[in-house]
Structure formats: structure tokens, C-alpha cells
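Two complexes are shown next, each including subunit A; its partner changes from subunit B in the first to subunit C in the second.
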Partner chain A sequence: MEEHLVDWSRAQFALTAMYHWIFVPLTLGLGFIVAIMETIYVRSGSEFWKKTTKFWMTLFAINFAIGVATGIIMEFEFGTNWANYSWFVGDIFGAPLAVEGILAFFMESTFFAVMFFGWDKVGKKFHLLSTWLVAIGSNLSALWILVANGWMQYPVGMEFNPDTVRNEMINFWDVLLSPVAVTKFLHTIGSGYVMAALFVVGISAWYLLKGRDIIFAKKSMIIGSTFGLIASLFLIFSGDESAHQVALKQPVKLAAMEGLYEGKESAGIVALGMLNSKKTLSNDEETFNFEVEIPYALALLGYHDTTAYVPGLKDLVYGNEARGIMSAQDKMNQGKLAVRALEDYKEAKKLNDTLKAADARIVLEENMQYFGYGHIKSPEDIVPPVATTFYAFHIMVGLGGWFTLLFGILLYLSMKKDISSYRKILISALWSIPLGYIAGEAGWVVAEVGRQPWAIQDLMPVGIAATKIATTNVMISFFMFATLFTLLLIAEVSIITKQVKIGPEGEQ
Partner chain B sequence: MISIKNIYRFYIDGFRNMKLGRTLWKIIFIKLGVIFLVLNYFIHDKSLKSEYKTYDEKVNFVYENLKGK
Partner chain C sequence: MGFGDLELITLQQYWWVLISLLGGLFVFMMFVQGGQTLIDSLSENETEKTMLINSIGRKWELGFTTLVLFGGALFAAFPLFYATSFGGAYWVWIIILFCFIIQAVSYEYRTKPNNFLGKKTYEVFLKINGNLGTFLLGVAISTFFSGSEFILTDNNFVEWQNSLRGLEALLNPFNYLLGFALVFLAKISGALYFMNNIEHDAIFARAIKSIKYNMIFFLAFFLSFLAWVLLKDGFAVDADGLVFMQSYKYLSNFIEMPIVLALFVIGVVMVVNAVFFAVVVKKDCCIKTGGVGIVLTVMAILLNVGFNGTAYYPSTVDLQSSITIVNSSGSHYTLMAMSYASLMIPFVLGYIALAWYSMDRVKITKEEIEAPSAHNY
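Let's turn to the complex of A and B:
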């Protein structure tokens, strides 16, 4: 496959996925924040909380309306730009996406209408139930998408059928409850909650800085910072489990996340560092121009053992017999056997040679776990872009730490002091809204760039997954998508800004 | 008892009383129009579904890409 075409197809998918992720997290988290506010309204009967709920619900609706259907473009792309991949994954992707479609359509859209049209028309408790169901429904929708993504990172619960050249699901529960899928779901929705909480505290901070709607802003700040602090602490635990799963299932990604070329026992985490751009697998240059390391932390994070050996990129590419680590070349040899066995199987079936077909199938099954390596040209190709993965990971973790601290400070000041007089903290809260989005996108960069060259881990590299179509078509559609999404983003920001300026007392 | 008529009135009144919602609906329809009409027909003109009619043709197409070069 032409590399230029594959790169443009990847760029296009990355563009649509990253823009889609601008809209999704607010829906995931703000739905629950609104539901909490409405619960307070229903319990207290206070009109203040009704107004507060309706204000944040309006912002939720703006984001929902502008973001809805942006994910459909990715489903188009699966069929057009990634046809081999779509066929190869078979019903594994189809089943979760179908469940997502049904849940999204029936649950979210039905109760969404009650949530917005039902004020004063349905009972308070039924309205509250609808708000909670919208929040739960949007998170359940995310579950199925993330299960599908988790399968791409760690394919389980399926069997490859050489007759149809596609994978068939043999155990739905293995796919759904795969540890990678579960941690991916929890960590991703957790990041959505943090981003939504930053949105609430940031806008509340703006009101306090402007000296208007003070009570509304202070109360919203308490809800937002409490929700954000709990979500941030949850992110720390889910992030720890996520890193553990990466260490076990995608060790090359972990090594790239930390710029670890040489494996070592009790490896530390680079808390702060700058990679040496001259460093490659084949030279002995220093990996970092400078670094500040936390000893033992990577071994502890990855393997929950401070003395554990953390394999470096060199171990994973060239192998390390003493540590029982297979080389990429050995995996490539097995992959080539699998690819060859598939050809033999097809040839034998064409000739109605059942014995030869059975033999070929045995070889295929024995080597199938490395099928994708059969298409890798050189062992070094299994290494993802180290600098992108490393910096994205550190930006995500660094910002995550800042958000935890910020929520803690905001909650303390909101409860114990007059937060209005802490202008620098309020300005920090306001500017942390875009930082939340940067952290969320960085997380996806780690997850997706860090597992290159794989479209499906170990089974299918991106070069094989892509469809052979005209590169110019992909380039044109890339710029059309970029224009469409940018216009949507401008619309979102301008409508939300206008609504924030109107404030909670205005018409909604 | 909730009747079909009540549900119909619920939605009609809801849509009639929308203020900001009208702008949002316009954005949704314009967006869907662009996605389904413009992009789908003028850009994504080829796919496995449109290029190959039978199941076996599709299997063969993907197999050709999966086998060794």
C-alpha cells in the first residue's frame, strides 16, 4: 500500500476522532453534574436550584446538539478508507456499535426530549429520572465504542475464519469484560468527568471575576470542584490500572511512553525530561538531554512491583533471551508462516484438497497471534513515534496532577473562604478549561499513536488495514472535514459564550 | 393514561416553545445534510459495498490484501 495514502487516511481518521472527542467528554460529565443539581432541586424545592440546573442543562444541550453525529463520519471512514480492516474485524466491531446505536437512539433521544420539553409537564421525579437516564445513557453509549477500541488494543474472544477472512466472535463476555476494555472505559469516562468539571468551575470562575451571579457561581463552583476532585482521584486509580494493562499487553507502548530504550530492573518514571532527538534504536546516544526521574515508579506503575524488570524498546525489538522476551524478527517469522498458511489454505480449498487445507489451517491457527507481523518489513517498524508518545503521556499526566490540585484548592476556598477574592486562582480555573481538552486529546494520542503500526494489535498493521483509493480523494475529504469540524467548533464556542453572557437569569 | 395524542402534543409544544433550540436544530440539519449528501456522495464514492456486489467478491478482495506480496 502506498505510504502517502496510508498517512493521509490516518491523518483524516485522527482529525475526525480528535474533533469528535472535543464534543463527547462534556456530554459524559456534564450530564451527571446537571443530574446532581436537579436532584438538589427536587429534594429542596428551591427555585434557585431549578434555575441553576436549567442553565447548565442549556449548555449541555448546545454541546450535545453540535456534537451529535460527528462520530458517524468515523463509521463512514471505516467502510471507505479502512475497508480491509472493517471486513477483518467482522462482527466484533459490529455488535458493540449496534448496541451503542440502539442505546443512543432509544434511551438518550427519548429521555432527552423529556429533559428539555418536560419542565412543568411531567412530574418532578419523572423529570429527574429522565435527566439521570440521559446521563447514564450517554455513558453507556461510550461503553460500547470503548469496548470496540479496547478490542483493537487487545483482541480477545474471537476466532479467525480463513474462509471468510474475518474474525468471528466466539465469546461476547471476553470482548466486553476484557481488562483492557474495562480500564479504557473507566479511564476515558473519568477524563470526560474531569473535563466537564473544569468547564463548570471555569465558567463559574468567570462569573466571579466579573462580579455577577455570585451565589449561582459559588454554588456551581462547589458542585463542580467536588465532582472534579472525586473524578480526578478516580482517574489516578484507573490510570494506574490502565498503565498496568499497557505493561502486560502492549509493552512497546509503555516503553515509548517513557522513552525507555534499554530495559532495566526497578525502572523509574521520568517526571520531567527532554528527549534527545538524535537517539535511535541503533545508536548509543543518551536518550534525554535532561531528565528528572522518580526511582522505582515505572516498575511499580507497570508491574505493581518495585523490583520488576521493565523491558526497553531494544529488548522488545531485538529480543532478550535471558528475560524470555521474544524478538520482533521471531514474531515476523511466525507471522509470515501464518500468512503463507492462509494462502495454502485458500489454494487447497480451491483444489478441494481437504487434507492439505486441514494441515494449512493448523499452521495458521498456531501462528495466528502474530499474523500482522507477517506484513511488517523490518523489526524496527514495530516502534511507534517515541517523541509524540512520550510528550503526549507526560502532558496528560502533568495536567492531570494540576487539575487534582486545582479542584482541591477551589473546593477548600469555596467552603472555607470567600473565593471571589482569589482572582489568580479564578483566572487559573478559567484557563484550565482548554487545558482539560488538551489533556484529553493527549490521552488519545498516547493510546493510538503509542500502538502504531497496529490497526489491530499484532494482527493487522495500518498499511494492510487501509483501502486502496485515490490519495487526492482522501486529501480533499481531509480538508472538507477539517472545515466542517472547525465551523462546528466555532458555532459551539460562540453559542456557549453568548449563553454564558446571558447568564442563569436570562431566557433559556 | 398517556395517549398517543398527549405524546404528540408534548413534542409539538416542546418544539414550538423552543428559542435557542431552533438554532441548534438548524445546525443539526445543516450538519447532517453536509455529512450525508455532500461528503458521502461526492467524496466517499467508493467502498467495499459499492465496488463488490457478492459476498465472495468481497472476501476475495480482502484476501488479496491480506496475503503475502
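Let's turn to the complex of A and C:
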């Protein structure tokens, strides 16, 4: 397969996913915030809360449409650009996707129309129910796709079938309740709630800075910062569990996240650091130009034990017998045996040689665990881009900490003081909107770049997963998508900005 | 007894029936696409156009979701088709996707201030979606009968043999028949929907007029498509899974599966009946009859090409690579798990119907659209 094909296929998927992730987090969280506001309206009957609900709902709708549009592309790109992958895992991946369609997507889309156009057409309670169902539906939609993603990071509940050459599901609940899937879901929707809260407090801060719509802004600020603070704390817990799962299931990713080349006991976390660009696996250069380390923290985060040994990239690539870590070369050898055994099995089947087929099958099953390593060329190839993973991880965590602090301050000032006079805080709140997007995207970069070269951990590298097609085709479609998505993003930002300027008084 | 006790072939057939039903529902929902192509010809001023756009605009999401589910269900139930067709006929699907991205934003952005691309652009987007998107979907489905050029390797990986990656379907004039038939059908159902959903005499009269001439085109293309399919050789599969060409395959499928034939005939009669009542009796009833008719007709066509030993996604360069419901499906376990999930479908259809009814109980009027509190597209 052409070398650049894989890069372009990845670029196209990354482009779609990253654009999708600009819109989705806001949908996930703002849906609930709007539902909370409408609940207050229905309980109090106050026109003020109706207007407030409608204002945030308008912004929700503008953002929602483009999330849907980029979402459909992602679904079909599994087929168009990752056809081999789609076949290899379709039996597992497809089921959550179909369940998602039946259970979640229709809930979202049916009640979306009621929520927007039903104000005067249906009763107050039915309308409120619709708003809640949109929020629940969109979060359920996220569940199934993240279950699928979790499975790719940690494949469980399946069995390889050499006759069909694919993985077949043998336990749906193992797939659904896999710890990686569950933490991934919780951490991801949590980040969506934080994003939505940042959006609400940031825009409210802008009104306060402008000295307009003061009551509206203050009340929105209270709801936004309360919601944000709870979500941030939840994000810290789910993030901790997420890192623990990475340590157990994807140790190479964890080592890359921390730039840890040499394994050590009681490893610390580099809170702040700059990687030395000369550092490679094979030299003894210093890893960092400078770093500030928090001792014991990585061992604690990864293994919930301050004395734990955290393997470094060198251990994972070259093996460490003393610690019982297998080298990549050994895994590659096993992988090659598995790939060969599959070929033998197919050959024997064609010749109706059942004995030989049975032998080949035994070899295959013994080595299946490292099947994907059979396609890896050199041991060093199992290491993801360290700098990208490292910086993305640190940006995400750093910003997450800042948001927690910010929500705390905003909530305190909203409740106890006149927040309008704290202009610097308000300006920081406004500027935290783009930071929220950066943190969210960085999180996905850690998850996806950090697991390279795997499409499915240990089973299928990206190079095998991609559709076989002349690279030019993918290049052209990449630029088509890039242009269209960018135009639509500009349109969305421009429309939202204008709607914010019009303000809640524009709502009737 | 549960789904787990059923034979694999029964589950495969169950899922093909569901896929056919979804396909039927999706084509019915294409009244939205058809309606989008009529926004200029059925309106004389901005208010009227806004009425039209708001009428179908409250339903676009449902159609879009049906397409998403159609894709998801194919991925889950028949992953080999999903991998082969989407990965192979790359450009057809990518262009279809393009047509749907631009639809998703157009309703919401069209009348918003500072929308960057301008109102006109979003209306053009809606028309591209309505015309090109619909046409290409018809062409894609037509290849179920005409075949495509691909080989499946030992690992079931697709190797597409034509560098046009799917666009070569346009070199076969027969594929245009279903493409255009679908475009005109969507226009007819769009007009039927407007007649039912909008309280406006002039729009009503214009809709009737548009149905009249679109029906002529629809019949011409649809009957030609039908003649082509029923008379052509089809891709048959024997009991051992060996694919071979059989003359009048699709005609004999109808004859050998009288229930499918009955669905087809009833469906077509219902569509014709709907058009008759709309045009001659000038009633506003007819999107319902027409809609059920469309669902039945499309279902019957998909059941014809999937059942009775037929390869539904055939390869013309390597007959034995052709895809059937037997060789392309998910495993017994997966189909079983999904079948349990499918028990939710009646419930889902139920709440869709409830929401639909509560929203469409009162027709869209000029007053509603012009009201200061209106939340319009």
C-alpha cells in the first residue's frame, strides 16, 4: 500500500473528527443547561426564564446543525476510508452504532423539532420533556460511539474467526461495560459539560463587561459556573480513572504522555517541561531541556500506588526481563507466526486438508493476541509521536485545572460579591471559551495520536486498516472537506457572534 | 424462545427486511429533498418561500437520521457490504455525503443575520441536496441491479477495479433511470406534503400543477427502470453460494415471492391513488397514502434484490466476489444482540408519530410565519 495513503486517510479522519469535536461538546452540555433553565421557567412561570431559555436554545440550534453534519461524515468515513478495518471489526463496531441509531439519534432529532417549533403547539410540560429528551438523546448518542472507540483502545468480548477473517462479538456486555469504554464515555461527556459551562460563563462575562443585560448575565453566570464546577470535579475523577486504565491497557501511550523513556519506580509527573528534540530511543540524551516534576505522582495516577514501577518507552520497545516486560520484537515474532498461520489455514481450507487447517488454527489462536504486530516493520514503530502526545496531554490537564479554579472563583463572586466589578476575572472567563476548545481537542489528540500505530490496539495497525485507493482521491476529498468545514465554521462563528450581540432581548 | 434460537439465515432475512423497511422510510422522507427543489417554483414571495422552507424544515432531521441509521444498520448487519461499497465506490458516497452536509446547516443558517455565505447560497445548497443527492442515491441503489467492478481478497478486503471509484456507474445509462425516477418521486411527495401541511390556496394550486408534470417524468423513468430490471439477466446464487447469471432473475423473483409482488403492486397503486386524489379530487390527504405506498414499493424492490437466492451487490468482474445476504452478514451473536435492540423500533416509531402529530395538527399559516414571536428557519 502506498505510504502516503495512510497519512492522508488519517488526516481526513482527524480533520473530520476534530471539526466534529468543535460542535459536539457544546451540544452535550448546553442541552442540559437549557433544560435546567426551562425547568426553572416551567416551575416559576417567569417570562424572564422563558426568554433566557430561548436565547441559549437559539445558540444551541446554530451549533447543533453542524455537529450533525460532521457526524454523518464520520460514520461513513469508517467505510469509505477504512474499509478493511470496517470488515475486520464490523461485527463488533456495527452493533453499538446501530443501537445508537435506534435508541439515541431518533430521540434527539424527533424532539429537536418539538423543542424549537413547539413552543405554541404543544403543552408546557410536553415541551419541557422534549427539551430534556434532546439533552438525554445527544448524550446517549455519545455513549455508543465512545463504546466503539473504547473497544479500539482495548478490544474485549470478541473472538477471531479465521473463516471470515474478522473479529466476532461473543459478549455484548463485555464490549459495553468494558472499563475503558465506561471511563472514556464519562470523561468525554464531562469535558462536554465543562465546555458548555465555559461557553455560558464566557458569554455572560461579555455582557457584564459591556454593562448590558445584567440580570440575565448574572443568573446565567450562576447556572453556568455551578454546572461547570460540578462537571470539572467530575472530570478530574474520570480523568484519574482514565489514566489508570491507560496505564494498565496502553502502557506505551502512558509513557509517551509523560515523555518517560526509562522506566522507574515511584515515577513522578512532569508538571511543566520542554522536551529535548534530540532525544531518541537509542541515545542517552536528556529527555527534557527543563522540567518541573511532582514526585510519585505518575505511579500514583497510573497504578494508584506511590511505589509502583512505571515502564518507560525503552522497556516497552526493547523488553525488560527483570520486570517481566516482553519486547516488541518478541511480540512481532509472535504476530508473524499468527499472520502466517492464518495464511496456512486458508490454504489448507482450500485444499480441504482438515488436519493441517486444525494445526494452523492452533498456532493462530496461540499467537492471536499479537496478531497486529505481524505487520509492524521495526520495534521502534510501536512508539507514537512522543512530543505531540506529551504536549497535548499537558495542555489538557493544565487547562482542566484552570477551568476548575475559574468556575470556583466565578461562583463565589456571583454569590457573594458584585461580580460586575471584577473585570479581569470576567475577561479571563471570556478568553477561556477558546481555551476550552483547545483542551477538548488536545484530549482527543492524546487518545488518538497516543495509540499510534494502532487502529485497534495490538490487532490492526492503521496501515492495514485503510481502504486501498489511489492517494490522489483521498487528497482531493481531504481538501474538499477542509474547505467546506472551514467555510461552515466561519459561518457558525459569525452567526453566533451576531446572535450574542443581539442578545436575549431579541427573543420573544 | 428468543432471537438466539433462530437460525443464522432467519436472522439475516430479518435484518434484510429491516434494512428494506428503513430504505423505504428513507425514500419516503425524501419528500424533504423534493420539497427543497420546489421552494422557488411554488412560491411567489419571501413569505411563501419561508412557509415552504419551514414546513419541510421541521422534518429534515428525521430524514437525515433515517439515512444515518440506514448506514449504521448496514454496517452492523451486513458489514461486508458496508466495507465494500463505501470503500470501493468512494466518490459516489463522498459526493452524496457532501450533499447532506450542506443540507444540515442550510435550514438553520439561511435567514440568520451575518450568515457569511448569504441567503441565496443556502438555498442553492438545499437544491443541490434535493437534486444531486437524491439522484446519486438512486444511481447507487441502481448498481444493486447493474453490478460494480470489484474483487474481494482472501481477507475479504475490497479491491475496486475501476479508477473512477464508483463514478463509473454514471457511464451506464440504465443507472440514470432510477436516479431520475427518485428525483421526480421526491418532488411529487414534497408537493403532496406541502398540500397537507400548509394552509395557503395559491401554494396548494401550484403544488397540484407541479405534481401533474412531475408525475409524467416520474412514470417515464420509473417504468423504464422497471422494464430494464424485469427483463435483464440477474445475479443469482445457488445453494452452495456459487453466483451465476440467470435470465429474467428479478422477474422470476417477483413471481416466486408473491408476497413481495403483492407489496409492490399495493405500493404502486397507493402512490398512483394518492396522486389521483391530490390532482383530480384536489384533496390534502394524500401524503399519508402516498407515503405508505412509497415505503411498500421500495421495500418490495429491496426484498426482490436481496431474497430468493439473489446477490444484492454483485460484482461484474468477478461474479464470485458478489455480495449476498448470506456471505456479508454479521455473526449469529451480533445479529441476535441487534435483534433485541430492534424490538425498540415500534416504540421509536410510536414517539415519532406522537411528536409528528402534535406538531402538524395545526397547519402552517401565513399568520404563524409572520408572527413576531415566530421561531422560523
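Keep this in mind: the second predicted complex is superposed on the first by the 503 of 508 C-alpha atoms of A that agree within 3 Å, B and C clash if a C-alpha of one lies under 4 Å from a C-alpha of the other, contacts with A are read in each partner's own complex, and residues count from 1 in each chain.
The working rule: contacts are C-beta pairs under 8 Å (C-beta built on N, C-alpha and C of every residue); 3 or more make two chains touch, one makes a residue touch a chain.
Only a predicted model underlies this, so the values are computations on that prediction, with no experimental measurement involved.
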Practice task
Scan A:I102 for contacts with subunit B and subunit C and give back first, second, both or neither.
Solution key: second
Handout entry: subunit B versus subunit C as contact partner of A:F172, first or second or both or neither
Key = second
Practice task
Using the superposition on chain A described above, determine whether A:I469 touches subunit B (first), subunit C (second), both, or neither.
Solution key: both
Exercise for the section: Please name the chain, subunit B or subunit C, that touches the greater number of residues in subunit A. Expected result: C
Handout entry: Touching partner for A:L488 - first (subunit B), second (subunit C), both, neither
Key = both
Problem - Partner chain(s) touched by A:K121 [first = subunit B, second = subunit C, both, neither] - result: both
Practice task
Figure out whether A:M480 sits in contact with subunit B (first) or subunit C (second), or with both, or with neither.
Solution key: both
Exercise for the section: Have a look at where A:A69 lands relative to subunit B and subunit C in the superposition and call it first, second, both or neither. Expected result: both
Problem - Partner chain in contact with A:V339 - subunit B first, subunit C second, else both or neither - result: first
Practice task
Could you look at A:I92 and tell me whether it touches subunit B, subunit C, both or neither (first, second, both, neither)?
Solution key: second
Completion exercise
So the subunit A residues that subunit B and subunit C both touch are 61-62, 65-66, 68-70, 72-73, 76, 79-80, 83-84, 86-87, 113, 116-118, 121, 164-166, 346, 467-469, 473, 477, 480, 484, 488, 491, 495, 499, 508
Exercise for the section: Flag every residue of subunit B that touches subunit A in the complex, lowest number first. Expected result: 10-11, 13-15, 17, 19-21, 23-25, 27-28, 31-32, 34-35, 38-40, 43-49, 58-59, 61-63, 65-68
Problem - Sites on subunit C touched by subunit A in the complex - result: 54, 58-59, 61-62, 64-65, 67-69, 71-73, 75-77, 79-80, 82-88, 90-91, 93-94, 97-98, 100-105, 107-109, 112-117, 154-160, 163, 165, 330-331, 333-334, 337-338, 341-342, 344-345, 348, 351-352, 355, 358-359, 361-362, 372-373, 375
Exercise for the section: Please name which positions on subunit A make contact with subunit C in the complex. Expected result: 54, 61-62, 64-66, 68-73, 75-76, 78-84, 86-87, 90-95, 97-103, 105-114, 116-122, 126, 130, 161, 164-166, 168-170, 172, 346, 467-470, 473, 477, 480, 484, 487-488, 490-492, 494-495, 497-499, 502, 508
Completion exercise
Listed in rising order, the residues of subunit A that touch subunit B in the complex are 58, 61-62, 65-66, 68-70, 72-73, 76, 79-80, 83-84, 86-88, 113, 116-118, 121, 163-166, 336, 339-340, 342-343, 346, 374, 464, 467-469, 473, 476-477, 480-481, 484, 488, 491, 495, 499, 507-508
